[in-house]
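See structure below.
Think of it as A, B, C, D, E and F in the order they're written, each chain with its own count starting at 1.
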Amino acid sequence: MRNDERKIDELRPIEIHTDYIKHPEGSVLITVGETKVICNASIEDRVPPFMRGQGKGWITAEYSMLPRATEQRNIRESSKGKVSGRTMEIQRLIGRALRAVVDLDKIGERTVWIDCDVIQADGGTRTASITGAFVALVLAFGSLIDKKALSAMPVTDYLAATSVGILPDGSAVLDLKYEEDAKAHVDMNVVMTGEGKFVEIQGTGEEATFSPEQLQVMLDLANQGIQNLFEKQKDAIGKWSSSIGTSKR
Amino acid sequence: MRNDERKIDELRPIEIHTDYIKHPEGSVLITVGETKVICNASIEDRVPPFMRGQGKGWITAEYSMLPRATEQRNIRESSKGKVSGRTMEIQRLIGRALRAVVDLDKIGERTVWIDCDVIQADGGTRTASITGAFVALVLAFGSLIDKKALSAMPVTDYLAATSVGILPDGSAVLDLKYEEDAKAHVDMNVVMTGEGKFVEIQGTGEEATFSPEQLQVMLDLANQGIQNLFEKQKDAIGKWSSSIGTSKR
Amino acid sequence: MRNDERKIDELRPIEIHTDYIKHPEGSVLITVGETKVICNASIEDRVPPFMRGQGKGWITAEYSMLPRATEQRNIRESSKGKVSGRTMEIQRLIGRALRAVVDLDKIGERTVWIDCDVIQADGGTRTASITGAFVALVLAFGSLIDKKALSAMPVTDYLAATSVGILPDGSAVLDLKYEEDAKAHVDMNVVMTGEGKFVEIQGTGEEATFSPEQLQVMLDLANQGIQNLFEKQKDAIGKWSSSIGTSKR
Amino acid sequence: MRNDERKIDELRPIEIHTDYIKHPEGSVLITVGETKVICNASIEDRVPPFMRGQGKGWITAEYSMLPRATEQRNIRESSKGKVSGRTMEIQRLIGRALRAVVDLDKIGERTVWIDCDVIQADGGTRTASITGAFVALVLAFGSLIDKKALSAMPVTDYLAATSVGILPDGSAVLDLKYEEDAKAHVDMNVVMTGEGKFVEIQGTGEEATFSPEQLQVMLDLANQGIQNLFEKQKDAIGKWSSSIGTSKR
Amino acid sequence: MRNDERKIDELRPIEIHTDYIKHPEGSVLITVGETKVICNASIEDRVPPFMRGQGKGWITAEYSMLPRATEQRNIRESSKGKVSGRTMEIQRLIGRALRAVVDLDKIGERTVWIDCDVIQADGGTRTASITGAFVALVLAFGSLIDKKALSAMPVTDYLAATSVGILPDGSAVLDLKYEEDAKAHVDMNVVMTGEGKFVEIQGTGEEATFSPEQLQVMLDLANQGIQNLFEKQKDAIGKWSSSIGTSKR
Amino acid sequence: MRNDERKIDELRPIEIHTDYIKHPEGSVLITVGETKVICNASIEDRVPPFMRGQGKGWITAEYSMLPRATEQRNIRESSKGKVSGRTMEIQRLIGRALRAVVDLDKIGERTVWIDCDVIQADGGTRTASITGAFVALVLAFGSLIDKKALSAMPVTDYLAATSVGILPDGSAVLDLKYEEDAKAHVDMNVVMTGEGKFVEIQGTGEEATFSPEQLQVMLDLANQGIQNLFEKQKDAIGKWSSSIGTSKR
């Protein structure tokens, strides 16, 4: 039993609040336990210069935390004048993951900007961002379809992410909160599709290592958790749930 | 009658949601019509180098917008690597205004960081920030008092802010939403104390001017609106409302 | 009586030296007491990208101080790699103020760059900058007219600025020198037109407040001082003085 | 058979040239096929501020490419004034990986700076950097031991890295050169220890996914390749090879 | 004869206006033909960290141009957020040159900041800066001596600089104005001491070369011009002229 | 006799290794004693905006050191976010020097990027960079000629550089290694052509001066050393040696 009474294979409570901010084409507030992330999807009718004239679109992501999303206040990256390595890693991860389930040829020369802003952090902010951003992205495409600006849902499959890790006592656990994450020997983020394929696996032993057997246990836990996340996503996207994967690549 | 059915001297609906984020000493979500700002007050037990050894504290403010708080997505200031002139003006204004109603000698060598993050913008974000930040600040000091880390409320008076302006038809109006603000000939922000004193007046004619008579009408409207804001603040700070001004400078 | 023997409603001596630097279209050295500012107006035959194709022009301002314009040497903003919040506020103010008295539709797709470089500072540098920049601007437009590149003076009215403030003894005074400014409880900058309209009012109580009555006294002092500044400007612009306001918007 | 005649489970030729640059405590030129990286380990007798007084050391890594290490010349990051997200990811990875096999408590309050400078790139630069940096690190600690500045080798195990991937035809291959990497559907970097434990797994499907079965095949290939790298490392570190792991954590 | 009627070995008219700005310890406006530079010397009672505890001082220089000092307006380096290579070269040159004639052991742990701000440019700004800065430096040390903060003049010799060059017709000329400089094939800056020694020679053929004979002719012209500059400097420093070189190293 | 047994007019051993890196059009590793510099010449088929449409090319240079090229590790300029003044001076020097012996009208609208990366430093890195870059440049043009992309060698003469200096005992020496350079009173870099013309002379007395006689001795030493460098360059460029200067300007 963990100190928040969860079983080792139990996710924290998830809520996905849609239409959270009024301006974006898709907007979601996702809460995973005490972690809260605003995920906005904005659609711009052009692509970056290196992609022009190819008739396909692009998805790019940005990630940030409010200074006091965390126990200790962090200096704003805008004040420091540069984005940290951690932030860049996370925003590259989010963008890559989402692009894996979107048929970019179907969205025309458009850029989707995904903004994940963590307003309260308690571990798992990058995986919550991916899970929430997927919903915002589907809703944004849905709004284009409603406006007849897009003919079909270009999303080829569900996509969600969670973290797994190995605690100092050697036990593998699902969905670490900050207190667990801070002391874990191994930390792994897993992004999967509805079909059960991996999109991204990032497993890291910070001053520690893990065996092939431990890897397997962690991947099984992640798979189990992600199935639950798909259910929450399906509820949140409502009428668009049946359109996912219809335009398979 | 304005196009959102308000009278010229009518504020938009105000809500102040306290204890919004769990980590900060004081945290508020203020909504003014469709404008929504998270105002967090964080207390750090030291002051900037230039103030050390004087036995007094400091209050500093930062302001930011989520990229899609607005109709068009804005580039993040962290990505641009620098903070805009507009942002700097606003954060200097918020800090100055709050310092005017706090007895900095009474808070010891502490810095209060005020973070105003606009998650949805529809005009009046800087005045909403001041009004909400005041509440977050009082709650933060209250939490120190509750923890016996401070002996008395160092806030000397209420403080709230609103905007007034002159529309193209020459009429002066209170609390402009974005649509009005964008076309106004004169835009004025007024910060006042519970005693009816001014802390800050910033009146600007962008490619326009205003007469002494128009100035007077705008100041009267602002005063009237700010009285209503004080009522909302009083409700939000609850048990601390009676302590405001007891430690007069 | 103030410690430099001035009456409370008395400006410091003003000199406006025209054609100070040879390259700019308009160039002025303005001295207000011990404050000295070089104001250059440069005309560029294009506008920023966001204004192209509209057939109108733009005026933008930059402000800087030599490192040793002040009692203590300041680090150059170029060495720090960024422009301070104070500088940005001032340059935005100067640009806005000048645009209020120029008919931008009359100047074609041109940008006027106003550079205000303070070579010696003793209080009131931003208001001296506005007062001097107005003259440089008129002379720059005049040089275009002389060269037949512009058909009429696009300046709709005079424009000047001064500061007023409230000293610790409660007295309101006009045109504060640095020593007074540093200890003033309230500091207000007022920009007015020849017609007696306000363009900008910025009143700030740094850790202090001011009453409506005090506001009125300060505005009256400012108005009186600005009338004198208009006389100095008229002398400086010479033959162009009669053309101001002929092309009313 | 691949287009450079290698089998799918065959590494490119590896050479590790020690004592390459004269100043660093440890210096290696590693070549993996046409990829060439200078790996220098520099030892500084102090730690970053956040670690002072804890009696332990730190290892940090930096990574860079010469502008023309690649087919197309890249702009220097020093000229751009910022380090790219890709570079940050790689240098964080190298540092984390090396820290996993060093007992930081045994090196005293010292910082080891690992500099990996790619002088010629043909795929796999980050894994070549890790494999080469391990050798430079051991040699640097060895030089301290020789100088009696350290009593025992603080390295607890061998550490090497390679890449594996899935080509468009679905085949999994070991140690991708640039031409293969550019078209691979899945790209995975694996860092392992001499004991057969994982330190880091980063598998990414760029606009693609991979199944659990494919993951297993890739991990097996990586394990096989890394065994060969350990042999090369053992030769390169010579007399220090027997000291690895003697000071187990 | 040159197109401003000067002979090939004739300097432009020189004026050195002392006590130009009131705050600095030494302040000079130097005009060389149409080139005008404000040279301020500021004395700070500490040295940079790398020099602390050695009992000696330091001299550092900064150089800048007003945006419209030139025919075309230049973007401010503070707006660009970085200092250009040209500016850095010039400020390093000015600092090095002045340090060559000051006995840094005699000034205590002080830093002298030399600020050369070009308000109007017409060629030769770096050499005018050195010539003017020398005077500002002597006056700054003089003010310390007058205040009994320094016992003797630490300046060991006179120092002045001029430019020489070779025009397209092959003729060598002294003190090039901008029009000549822009078309010269060779441009050389020479800094010399009162004793006739060189401190710095920088000769550059931009897309051209020069022979040993041409070098000798240029050095002779420079020497002749610099003798005249020493006369102007002697007049400007007045009572301190006899103290130069009394504290020989 | 110097402490590395060299005579005062003796160069350190020189090696020029061609075709060092595979991607660039021209690539050289030059070693001058213990100084080692990779010089790459990359040809891009366009010119900077300010040169477009003139039918001529451009040569630009960048210079950098690996962090541990020196005895003490230096912070990377990419990490600091800016390029130092020293680096800018050197890269401007390299570019200017090479442009002096290339007929830019003959290379079409192309930019040659010269990258000089010091991998090991022991004095004279900027002169070694020029000497090596000349060879890389010739080889790069040669590769264009071999590919029929250029009709003739546009290099008008040989170009090489060395340093000379005056040691504390007053003796002038050729080709200073770091240990000598650090204590020299005068440091001079000389760039010459095969015809015996100067391209650049930069002589600097850091806190010291030099007489016209000393200047002459140094120039003679430099000339003698540079003759030897031309021999090494001729060997390195092999078949292209006879084409140098055939397309005289």
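Here is the rule we go by: contacts are C-beta pairs under 8 Å (C-beta built on N, C-alpha and C of every residue); 3 or more make two chains touch, one makes a residue touch a chain.
Just so we're clear, the structure is a prediction, and the values are computed from it rather than from any experiment.
Undergrad: For chain A and chain F, what is the smallest step count along a path of chains that touch one another?
TA: Minimum step count, chain A to chain F: 2.
Undergrad: Count the smallest number of chain-to-chain hops linking chain A with chain D, moving only between touching chains.
TA: Minimal hop count between chain A and chain D: 1.
Undergrad: Copy of A-D's interface among D-F, C-E or E-F, judged by over half the contact pairs being the same?
TA: Answer for the repeat of A-D: E-F.
Undergrad: What rotation angle, rounded to the nearest 5 degrees, superposes the C-alpha atoms of chain B onto those of its identical copy chain F?
TA: That pair's rotation angle lands at 180 degrees.
Undergrad: At the interface of chain E with chain F, does the proportion of residue numbers present on both copies reach over half, so same, or stay under half, so different?
TA: Answer same: the two copies use largely identical residue numbers here.
Undergrad: Tell me, please, which chain's centre (mean of its C-alpha atoms) is farthest from the centre of chain F?
TA: Greatest centre separation from chain F goes to chain B.
Undergrad: Just give me the whole-number Å value for how far the CA centre of chain A lies from that of chain B.
TA: 34
Undergrad: At what distance in angstrom does the C-alpha mean of chain C lie from that of chain B?
TA: Each chain reduced to its C-alpha mean, chain B and chain C end up 29 Å apart.
Undergrad: Can you compute the centre-to-centre distance for chain C and chain D, using the mean CA position of each chain? Integer Å is fine.
TA: It comes to 60 Å between the two C-alpha centres.
Undergrad: For chain A and chain C, let me know how many angstrom lie between their CA-based centres, rounded off.
TA: 51
Undergrad: Multi-chain contacts in chain B: which residues touch at least two other chains?
TA: Those would be 81-83.
Undergrad: In what order do you meet the chains if you trace the ring from chain A in the direction of chain D?
TA: In ring order, starting at chain A and going to chain D first, we get A, D, F, E, C, B.
Undergrad: In their complex, what parts of chain B are in touch with chain C?
TA: 82-86, 88-89, 91-92, 96, 99-100, 104, 188, 193, 195-212, 215, 219
Undergrad: So in the complex, the part of chain B that touches chain A is made up of which residues?
TA: On the chain B side, the touching residues are 21-24, 27, 34, 38, 40, 42, 44, 62, 64, 66-71, 73, 76-83, 87, 113, 115, 117, 119-120.
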